[in-house]
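Two complexes are shown next, each including subunit A; its partner changes from subunit B in the first to subunit C in the second.
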Partner chain A sequence: MALLFVLPAVLLLLSLTIYPLIRTLALSVVQLELSVSPNEKFVGLTNFIKVLTGDSRFWNAMGNTAVLVVVGVAIQLVLGMTLALMAQQMGRGRTIWVTLFLIPIMIAPVVSGFQFRVIFNDTFGPLNYIIEKLTNGVIQPPAWTANPDTSLLTIMMTDVWQWAPFMMLLILAGLESISPELLEAAKVDGANAWQLFWRIKLPLLMSVIIIGLLIRMMDTFKTFDLVVLLTNGGPGDSSETIAYYTYLNGFQFFSMGYTAAMAFIQLIVIIIISRVFLSIQKRQRGADE
Partner chain B sequence: MFRIRFSFVLFTTFVLLLGAVVLAQDAPQPLGITEFEPCQPFDNVTVTVVGDAGHNLAPYDFWKDDFAAMGITIEIVEVPFADVYQKLKTEFVGQTGAFDVVTFYPAYIGDFASNGYLLPLDEFMAREPAAVWDPHQDDVLAPFRELYNKFGGQTYALTIDGDVLVLMYRQDLFDNADEQAAFKEKYGKDLMPPETWDDWLQVAEFFTRKAGDTLAGETLTEDFYGASEFAKRSFSYAWFMNRAASAGVVYFDENMNPRINEPGAVAGLQNMMDTLKFAPPDVLNSGYDELRDLFIQGRTAMVVQWTDVPKKAADPTQSKIAGKVGVGRVPGTEVNGEVVHRSMMPVGRVVAVAADSDVPEAAYCVAKHIAYNRSLEDVSTSLTGLDPYRQSHLDHPEAFAALMGEENAAAYLAGLNQALADGFPDIFIPGSAQYQDALDLEVNRALSGEITAQEALDNVAAKWNEITDTLGRENQVAVWQQALESYRALGLIE
Partner chain C sequence: MKSNRTTLRIVIGLFLTVALVFFLFPVLWMFLTSFKTQDQIFASPPVIIPPRDQWNLDNYIGALTGSGGLQAVRDSLIVSISTALISVGVGSLAAYSLARYRLGGDQFSFWILSTRMFPPVASAIPLFLIFRQLKWIDTYWALILCNTIFNLPFAIWLLKGFIEDLPVELEESALIDGTSVFGAFWRITLPLISPGLVTALLFTFVFTWNEFMFALLMTRRAVRPLTVMIQSLAGGHEILWAQIAASGVIAIIPGILLVIFLQRYIVRGLTMGALKY
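After this line comes the complex of A and B, so read on.
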């Protein structure tokens, strides 16, 4: 009887998660070039070896993605933390403050990508115009999306603009859950604001921060829409992310076996990152208890 | 209660206004120039048409009464521009039969036709009476007919959009006496639209001015650029191939060994890299929109662009340079004492009948109606982005006069005629997306200064060999040799 109750959920899980995963794994060991033929040819681990040892573009895309994940999410954390601490200090204006910062989260990435494409435009965009006016032409800002040194930065800045408020929201909720008595007691014992933050608030926020980082890292690892809208991966391959490169292989080149191998490698990377963060969180929770 | 009533009135007003705006979107009137007879009425069949979203699907709406008279209801599926290939390929592989008429970029004809996704059209085209069935392919300009409609000797698609690149320049600047004199003094020759890519660089250098400088007797309030390029990832390869092809470079030799790193191609890429000195600072992220706006906002002297841009430049509601635009041949390269011109034909659109269509006959009638019967109306309006591709389009400047005036229309079509005669195709064999992406990436890396022109094109050659081996060299060579026959027929190679 109990089995019957869980059967629908199990079937759903098998059909929506397990089957595609197994099918992708099966695809990763065949050569399937749909642009020339629908026939599959078993090639063993060749696709994996080719991705890992013979595809410099894959590693370049992984490198770009790593920059977005590590640097971009770190900036989101710092900004989110700062905004949350500011919000906590506010009285009446807090609701408006939080609501305003929620707007970027509500906007679809495709829209924010388009907005920033206009903002970063060197010829017609407002950003460089403002910089030049404010500095009286002393600072000559770069052509942001057209410069290989700054193109990835534009994607990162857009992502930070959109998602730092998410970190703010999460951390603010964490801050609200800290017992005021605890903070009062620390104050009575002579703790200053800095010590309150480092010794009380931050340790108690660690679980929330780890979850926030995990969500944002996994999400940033899949950055695709901003790349398409802002740079198309260029100039050259300076802003090509792994999600964009995987898309090209899968849905432009239709090299299905190769793409499956690439997707599996990414899955393994994401699983490793998740495991690391979850084990840190587990250790943290153990320490708290 | 008042609030509800007010909201209702507001909503109704909004809906009515929206309706008025939608209705205001005009449709071109039948010109009565093309002679045809419609297909005999079908028994209320529905034909599903798929294509890139936006104004290029508008003709199906323009001519809905024509289709209704044929007993055909059109159902349109719009797909974003960049996703057309992906969408079609996925549906074809899945054999879903979702579409009857498919609109796609002809670079994929080799892929779609060789995999059996499309119905050969020759049998329909030969049916009698000719007024109903014949799409007059002999009227279609040779590069489109031979390279983009046929595969393996059979016709699989009909052109509906004759994309080719043309040179556009500021006629008023070239005609200015002060500028002519200054040019003559500096370079010792007359100022005229560039004949070669070397001339292009000179003219670009000459017209590049800073804010505060004088241009044609007027003081500039912002920087002015001599030329610009499509240097963004996606089609930058086409702007490079304009140069390489004019130096006699074809993508591969008979055995599919890449020819893309030959000296002529390297010089061509170097020329494109050198042009960037005279282009806006953000040229590396300049695509169709940016390049068009730069030109029609009067910020550059010359661009090479698709043939719909002169139509937009002629429209004073969106252009600051209406009436000041010249259209001409894309510059060329001197080979054996003769200047050879080549204009790339990137994108373009063709329609075909899906092999798994349940209503192939009706689907063909729809395709033919758009590709021939009403094509002159569709290419001579600013309501679509479709460009001329038939001799009959070029022979009727009066059809374009309402849009740009008789004189401009004649000059536009004359420029187009030349550009089309120079047409050079994309790679259109299976795997074209991979070959093009590899070329585009390396061209872009060279443009951004990451690597030299020679390194970039050597990388392309190596990558192309890898792609050919992965896709199956033997088959690829066979398909390529068929393509070369078309190149030969058009005189693109000896």
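After this line comes the complex of A and C, so read on.
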């Protein structure tokens, strides 16, 4: 009976994940240029070697993605932590604060990308207008999305805007589950606010932070929508993420075999990241007990 | 001491207000933009609040009728509602057997979870090739199935947590009274986890509503969800900023409603039940 219950889900997931996985693996060792011909030609590991050793644009996209995953998510964590610590001081009224802060989380990335394209626009966007007014025209703000030095930054800022509130929410929930007696006892023993944070709150928040980081890093690794809406990967390839570059290869250049190899490499990266996190979490759990 | 505390609160309140302005400004700006004329958008200094007589729904009507917006809303609704129903329907059954019979143990549960971590772009290529063979590209089914891959594991994990919170004795006593396993599930478990079902339905709905990559890759002309419409309008030659802003406002309504009405379960939802605050 239990088997019967789980059967529909397993069949769906098998057909929609395992089969594509096998198909991807099979594709990754052939050459299939759909724009040229529908015929597959076996090429062995050539695709993998070409991606890893001969494709500088792949490594550029990986680097850009790493910046978003490491720097962007770190900013989200610090900002979220600061906001959570502040919101906790607001007493009963904090529910309303939190609700307002949560609004960005559930907005479609396509829409947040559009919002920031308007804001960053160099001819009529409000951001550059404000910068010029505040500095009396001394600072000439850049054309954010059209400048190779700032294009990746616009994607990062939009992602931070959307997801720092998520970190805030998680950490606030974690803070509220710390027993007040524990903090009271530490205060009686003479701990100041600084010590309370570093010695008591932060260690107790670690498991929440790890889950938050895992979720955010996984999702940021897949960043695609924001790239399409804000910069299309440009100018040049200055803001291409790995998901976007994979999309270009598969659905603009139609090199299916090559794209499959690239997709498989990403899958391995994702698995490594999640394994690292799960082992950290396990050790953390051991330390908590 | 008391006044110290009040001062602290006022200072922190000020900081939070500044932060809140930063986090709400983009949404507010889009909202204001949706009432502007094309001239006002390009005006310098910028028009912040459009004049009073201009607060009408022209841009909204334009967005819905002019560029296939109404069809886009309909397509998004069909795909999101179907995905939510399939994910929660199939997911609740699976969650029950995982929670109550520990079917396949932790490894099996984790396999289900890990399917959600797949980079969508990696599964997009084989799925695209399969759907092309089946001639399903540009149909609702292709989109519903793609979205189900990522929402089904979510629904299973979320509901599994809700079922594990219930005391197993309720079902056991029903089973002793002669109810079938399915009867116990249907008449006892499901009603008791209704908050979980609502949470799972609304989250899967909004996730699908907001989804963009599959919507872009698996559709052409016959099906065109809202996110694809917004992207294609924003990527065109003559960009009708105000109308896109109006479509954007329409597109964020379900998400904002979810945040307001489901706040109690939002941490649980966003972490797939990993955190039960």
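Assume the second predicted complex is superposed on the first by the 276 of 289 C-alpha atoms of A that agree within 3 Å, B and C clash if a C-alpha of one lies under 4 Å from a C-alpha of the other, contacts with A are read in each partner's own complex, and residues count from 1 in each chain.
The criterion applied here is as follows: a residue touches a chain if its C-beta (ideal position, glycine included) is under 8 Å from a C-beta of that chain, and two chains touch if they have at least 3 such contacts.
These numbers were taken from a predicted model, which means no experiment stands behind them.
Student: With both complexes overlaid on chain A, does A:Glu33 touch subunit B (first), subunit C (second), both or neither?
Tutor: A:Glu33 contacts subunit B only, not subunit C.
Student: Looking at subunit A, does subunit B or subunit C touch a larger number of its residues?
Tutor: C
Student: Looking at A:Phe251, would you say it contacts subunit B, subunit C, both, or neither? Reply first, second, both or neither.
Tutor: A:Phe251: touches subunit B and subunit C.
Student: Tell me which partner A:Phe124 touches in the superposition: subunit B (first), subunit C (second), both or neither.
Tutor: Once the two structures are laid over each other on A, A:Phe124 reaches both partners.
Student: Give one of first, second, both or neither to describe whether A:Met218 is in contact with subunit B, with subunit C, with both, or with none.
Tutor: In the superposition, A:Met218 touches subunit C alone.
Student: Look at A:Gly91 in the shared chain and tell me whether it touches subunit B only, subunit C only, both, or neither; answer first, second, both or neither.
Tutor: Second partner only.
Student: After the superposition on A, what does A:Ser238 contact: first (subunit B), second (subunit C), both or neither?
Tutor: first
Student: Under the contact definition given at the top, report the residues of subunit A touching subunit B in one complex and subunit C in the other.
Tutor: 123-124, 228, 232, 251
Student: Where on subunit A does subunit B make contact in their complex?
Tutor: Listed in rising order, the residues of subunit A that touch subunit B are 31, 33-38, 57, 121-124, 142-148, 151, 228, 231-238, 248, 251-255.
Student: Spell out the residues on subunit B that touch subunit A in their complex, using ranges where they run on.
Tutor: Subunit B residues touching subunit A: 82-83, 85-86, 89-90, 93, 111, 114-115, 231-234, 280-287, 290, 293-294, 299, 430-434, 437, 441, 444-445, 447-450, 470-472, 475-476.
Student: Which residues of subunit C touch subunit A once you look at their complex with the stated criterion?
Tutor: It comes out as residues 8-9, 12-13, 15-16, 19-20, 22-27, 29-30, 33, 41-46, 90-91, 93-94, 96-98, 100-101, 103-104, 112, 114-115, 117-130, 145-146, 148-149, 152-153, 156, 181-182, 185, 206, 209-213, 216-217, 227, 230-231, 234-235, 241, 244-245, 248, 251-252, 254-256, 258-260, 263, 266-267, 270-271, 274-275, 277.
Student: Show me the residue ranges of subunit A that touch subunit C in the complex, using the header's touch definition.
Tutor: It comes out as residues 1-3, 5-6, 8-10, 12-13, 16-17, 19-21, 23-24, 27, 83, 86-87, 89-91, 95, 97-112, 114-119, 123-124, 126, 129, 161, 164-166, 169-170, 173-174, 176-177, 208, 211-212, 215, 218, 221-222, 224-225, 228-229, 232, 243, 246-247, 250-251, 256, 259-260, 263-264, 266-267, 270-271, 274.
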